[in-house]
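Two complexes, one shared chain (subunit A), two partners (subunit B, subunit C).
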Partner chain A sequence: QVSAALRAGRVSATELCQRCLSRIKSTGFLNAYISVAEQAALRQAEESEKRHSRGQPLGVLDGVPVAVKDNFNTAGIETTCASNMLKGYVSPYNATVVQKLLDQGAVLLGKTNLDEFAMGSGSTDGVFGPVRNPWSYSRQYKEKSTPNSHSEDKDSNWVITGGSSGGSAAAVSSLTCFAALGSDTGGSTRNPAAHCGVVGLKPTYGLISRHGLIPLVNSMDVPGILTRCVDDAAVVLGSLAGHDPRDSTTVQDNFKPFEVPDLADVSKFTIGIPKEYHAPGLSGETLALWAKAADLFKSAGAKVVEVSLPHTRYSIVCYHVLCTAEVASNMARFDGLEYGHRSDVEESTESMYAATRREGFNDVVRGRILSGNYFLLKQNYEKYFVKAQKVRRLIADDFVKVFGSGVDVLLTPTTLSDAAPYREFIRADNRTRSAQDDILTQAVNMAGLPAINVPTALSERGLPIGLQFIGRSFQERQLLTVAKWFEKQVQFPVIELEEVKQHDQGVFKHQKSAASS
Partner chain B sequence: KVAVEVLDHLERLALVDFRDTEGIERLQNAIQFADQLHEVNTDGVEPMDSVLEDRCLYLREDDVTEGNCTKELLQNAREKVEEYFVAPPGNIPLPKLEERDTFLQGS
Partner chain C sequence: RGCSWAAGWRRAWHRAPGVTGRRQRAAACNTKGEAVPAGKSGLAPWLPVVGLEIHAQISSNSKLFSGSQVQFAAPPNSLVSFFDASLPGTLPVLNRRCVEAAVMTGLALNCSINKKSLFDRKHYFYADLPAGYQITQQRVPIAVNGSLSYSLCIDNKRSQMVTKTVRIKQIQLEQDSGKSLHDDKRSQTLVDLNRAGVGLMEVVMEPDMCCGEEAAAAVRELQLILQTLGSSQAVMAEGQLRVDANVSVHHPGEPYGVRTEVKNINSLRFLAKAIDYEIQRQIEELESGGTILNETRAFDSRLGCTISMRDKEGKQDYRFMPEPNLPPLILYDAKSLPSNMNHQQVVNIDWIHQRLPDLPSVKRAKLVEQYAILPEHSFTLLNEDGLTEFFENVVKKTQMKPTKVIGWIIKDLLSYLKQHSIAVKESPVSSFLLADLLNLLEKREISSTAAKQVLAELWKGQGKTPLEIVQEKKLELIKDQKELEEICQTVIDGHENE
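Moving on to the complex of A and B:
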């Protein structure tokens, strides 16, 4: 809608950009943004305005404000990964996906907050502080808050965004931008999408280039897309997907951008319900919502079957080993010599490296590096690393079997429950939390399949709950078709933020979608 | 449960430190957690490196397509001389456990 408005001249690109920038300022308490590129964004908006006035927009995304997670390299803008190791690091180049967005004329507002180096499931462990879920400040959440919480400092009840792309999810959810990039290694895009009530798409591994995305786990990372609706996700996907000669893990198949068809009739689809996703800790509400969704499909004529993915419960353990192993390797590049933080220790190269890394990384990152190195020791390699790789194959094969038996799309919950209050979340340590929260999203990364979170309904506490659809490899079109049908059925409510100026609210409420509908 | 020699070895390999008991506990928990893997029967299963294993890794022509960005690359380094990154003296191993300033000394 906003793209159509830009083209029709109802709103100018610079005006839109300024409104978004001022909204970022007024929602600063959310801590969603690490860097805001005000000057650059306004310049981009001006350029876009010129193009629009000539009747020559570059595409659907021309002039649309977007945000990018801070682990993507952006030329001229600080890229920190929320870590002391990269504070002050200004990349000399744009990540391929960032470049693609800019080439389409999108206006890059800034870099969003995350867990340090994308490790975590709450967006609470970065050096710039935790990100607050915009829904903590919504009328819907406040209404449902228990009476005695009013006597406490009203600030202490806020809930987390989920992670690790929490900043991006919060940015889209608080209506400061129309789309945001995140990354997804174990659920890092879908988890915060579910907690913040936005659409989070994890594309198939190999579809979108990872060049410029600071790597966590090379065999599982993908750039993720966060938007307000499924149509927008398809638009962004269309401009990002495709082979990149700079990333040899992108496939060479031709990708055809598509518009998600409006499905009138779901009866041709078979929806699978994996029983293992009824995981311990799944909240009653989420379970009920999941069942309701299954019934929705059934009564619309679709075939709904229970399926089994027997190795699901090992995916977290497997991930734990493979992730720490790849992290140990990927974090080795941070030695202070070529970029980033450098310690003042000068006795020897090794001691300088050690001191730099001691000063630059937080506990979570250091912990994973050490665990990873442990699993990669000669005496442990077969026992842990190779074993985990074998289990990975079993997990991936589970999916192959299920999809081979006629199932088109799997329907599962995305998170165990709605967002936890920050106070509760930080009581357990990062690894335990990740292990608990990633259980429903992780296996998808193991198998490299596409998956999408669709916000479904509000919980008893007034917070979003989302459901996840998992599709076949490279079948994003089919996946998004089903997701869009579902989205239309559930009519998820718009967030009602009280703390932001009324007139801003009006503009953004009516322009829910970025693309024209 | 993990021997001090192994912990020391890890600190040297990784060039990060455990810092405190919490760090060491974290590792112990991680190992315990990972031990669950052994419940799975993986006889006859090949390890999986990548989900794209069924596709061929492709080659490209050996032509220079980018480069000449010395200035940009040097911009982010703190210590440099002309076009060199400057490192402290190399070939000096990390001091032994007893001499190092590390938490493991006390264990």
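Moving on to the complex of A and C:
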């Protein structure tokens, strides 16, 4: 819709950009952004405006403000990964996906906050502080908040965004931009999407280039897409997908961008409900919503079947081994020699390395490096790494079997419950939290499949709950078709942010979708 | 499959009776593969065992996984791409030419080429390794199970040569590291990443050799093969060919001894010296009741000895892990190549095989067959860059038989070049000039003694032709019978009174 508005001249690209920038300022307490590239963004907006006035927009994304998670390289704009190791690091190149967005004329507003090096499920463990879920400040949440003895302390019961792409999710959710890039290794795009009430798409591994995405687990990472609706996700996907010679793990096949069809009739689809996703800790509300969704499909004529993915329960442990091993390897380059933080300790190269890495990394990162190196030791390699790879194969095969038996799309919850208050969340450590929170999303990364979170309903506390659809490899079109149908059925409410100026609210409410309708 | 020509040529398995080790070759093995006789203590004889790990820089325009240029002696850090500098988010992209170079080399060394090979990360921290790991092929390398035949002179006269074979365990593709220069005065290390990421072929030779001379001969032959293929320029002095030697000794019939690795060898001569020194060192150590540590030792070319590199405490665990950013490398041959595949995207082993140039062994055999020269002469011709061409040019332009020409090439031309340390292409005497000279000799217009004098004059490079020199110095052979009789008579007359 905003794209259409730009083209029709109802709003100018610069005006739009300015509105977004001012909204970023007024929602600064969310801490969603690490860097805001005000000058550059306005310049891009001006260029876009010129193109629009000539009647020559580059595409649907021309002039559309977007944000990018701070683990993507952006030339000229700091890329920190929310770590002391890269504070002040300005990359000389753009990640392929960033370049593609810019080539389409999108306006890059800034870099969003995350857990340090994307390790975490809360966006609470970065050096720039935690991200606050915009819904904490929504009328919907505040209404439902029970008055308690701490009621004077308005600020104390804000909830987390989930992670690790919390900043991007919050940026989209608080209406400061129309789309944002995240990354997804174990659920890092879908998890915050669920908590923040936005669409979070994890594409098939190998569909979108990782060149320029600072890696967590090379064999599982994908760039993630966060938008306000499924149609927008398809638009962004269309501009990003395709082979990149700079990334040898992207597939060679030609990708055809698509518009998500409006499905009238779901009866041709078979929806699978994997019983293992009824995980311990799943909240009653989420469970009920999941069941309700299944019923929705059933009554609309779709075939809904219970299926089994028996190796699901091993995915967390397996992920621990493989993730920490890759982390240990990927982080080995951070030694302060060529770029990034360098310690003042100078006695020897070794001592400089050690001090740099101790100073630059937080406990979470260091913990994973130590674990990973342990698993990669010669005497442990077979027992842990190779075993985990074998278990990974079994997990992936579970999905192959299920999809091979006629199931088109799987329906599961995305998170165990709605967003936790920050003070509760930080009581447990990062590792424990990640292990709990990743259970519903992790196996998908093991198998490299596409999956999407669709905001479904508000919880009793007035916070978003989302449901996840998992599709077949490279069948994003089919996946998004089902997701869009579901999205239409549930009519998830728009966030009502009280802290923001009224007229802004109005403008953004009407322009819910970035894409033309 | 290598050299199939066999007529009149002693093959690998026959070993001529050898001579025992001489003083100069500290722990010489004899060509019979016999054990080195014991030292004075009269203990059982020792069998030295030598294996080699050779790193050959691939001759290519760009590096193994990135597009930055490959060039020797460029300004520091001027050939470094984002990937080479390990900037976060960069990914490796395999260089096709490097794969072809490795396949060519594998085929030339009679290896099986693995149609599917894998890449791995080998982790260690060092200033010249920006990523903290090297991408190599540890699990499944590109080529395995080959062999290399090389020849040695049995005695110093170079009149008898014997052929030996060393098994090639494998060839793997891997990245070169950068260079670090330690400035102890200022307590700093300077790092130049120009070399970081350059493609290497690591050629592993099984411990089938028994002394420095064998190792040097094997490496020399490998060098010639690489240069013929063009897969590596293999110049040791420019670091394009680096050799590490694995050395151990044991008594015949007993298991292999503890081995040491000898590094920091930058010429063939030093290779032989380092190995022989190490063999001797180990024998002396063991004979005096000591033990050999499984360690890395550096060769000190000034002192001519190996020194323990004690700062490598304990054994390194490289924490090998598959390289997740590179899918398995798939190679095709004519049979397995799918018909609809884009030929630009594919490496075809058979296509490469068909285009292999003549290997040195084949070239030498052809020279022997074509010109009837001795085998050892063919070795000398190929050993000097440009000498074969020179020889063939002379043969073309002269009526003198090649078997006679070869003598002039090897005894006169080559020794002169060696004396003055100049290369064939820098020779002041061109093949034309030499051919002219030999023609005069062949037509009996001058004697061979005179010819040598003319050659000595030609070396001065003053631009005179042989004919001019002969006329100047009046070196013409006198053919007139009467004139000769007169001279003889004069001589006889002159001595009549004695």
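Keep this in mind: the second predicted complex is superposed on the first by the 514 of 517 C-alpha atoms of A that agree within 3 Å, B and C clash if a C-alpha of one lies under 4 Å from a C-alpha of the other, contacts with A are read in each partner's own complex, and residues count from 1 in each chain.
Rule of thumb we're sticking to: a residue touches a chain if its C-beta (ideal position, glycine included) is under 8 Å from a C-beta of that chain, and two chains touch if they have at least 3 such contacts.
Everything numeric here is computed off the predicted structure, so don't read it as measured data.
Undergrad: Of the partners subunit B and subunit C, which touch A:G110 in the superposed model: first, second, both, neither?
TA: neither
Undergrad: Could you look at A:Y381 and tell me whether it touches subunit B, subunit C, both or neither (first, second, both, neither)?
TA: The second partner, subunit C, only.
Undergrad: After superposition on the shared chain, which partner residues are touched by A:P245: those of subunit B (first), subunit C (second), both, or neither?
TA: In the superposition, A:P245 touches subunit B and subunit C alike.
Undergrad: Give one of first, second, both or neither to describe whether A:N73 is in contact with subunit B, with subunit C, with both, or with none.
TA: Once the two structures are laid over each other on A, A:N73 reaches subunit C alone.
Undergrad: Could you say whether A:A328 touches subunit B, subunit C, both of them, or neither, answering first, second, both or neither?
TA: A:A328: touches subunit B and subunit C.
Undergrad: Can A:G182 be said to touch subunit B (first), subunit C (second), both, or neither?
TA: neither
Undergrad: One more residue to check, A:A396. First (subunit B), second (subunit C), both or neither?
TA: The answer is first: A:A396 touches subunit B but not subunit C.
Undergrad: For A:I369, decide between first (touching subunit B), second (touching subunit C), both and neither.
TA: Only subunit B is touched by A:I369; subunit C is not.
Undergrad: Figure out whether A:Y339 sits in contact with subunit B (first) or subunit C (second), or with both, or with neither.
TA: Both subunit B and subunit C are touched by A:Y339.
Undergrad: Look at the residues of subunit A and decide whether subunit B or subunit C touches more of them.
TA: Comparing touch counts on subunit A for subunit B and subunit C gives B.
Undergrad: Indicate the residue numbers of subunit A shared between its subunit B interface and its subunit C interface, in ascending order.
TA: 92-93, 219, 245, 248-249, 328, 335, 337-339, 349-350, 353, 373, 377
Undergrad: Using the touch rule from the top, collect the residues of subunit A that touch subunit B in their complex.
TA: Listed in rising order, the residues are 89-90, 92-93, 205-206, 219, 245, 248-249, 251-252, 311, 314, 317-318, 320-321, 324, 328, 335-340, 342, 345-354, 357-358, 361, 363, 366-367, 369-375, 377, 383-384, 386-394, 396, 429, 431, 435, 447-448, 473.
Undergrad: Write out the stretch or stretches of subunit A touching subunit C in their complex.
TA: Those in contact with subunit C are residues 72-73, 79, 81, 86, 91-93, 95, 210-215, 217-219, 245-249, 325-326, 328-329, 331-335, 337-339, 349-350, 353, 373, 376-378, 381, 385.
Undergrad: Which positions of subunit C touch subunit A when the two form their complex?
TA: That would be residues 82, 85-94, 121, 123, 125-127, 130-133, 189, 191, 317, 319-321, 324-327 of subunit C.
Undergrad: Taking the complex as given, what residues does subunit B use to touch subunit A?
TA: 2, 6, 9-11, 13-19, 22-23, 26-27, 29-31, 33-34, 36-40, 42, 45-52, 55, 57-58, 60, 65, 69, 72-73, 75-79, 85, 87-90, 92-95
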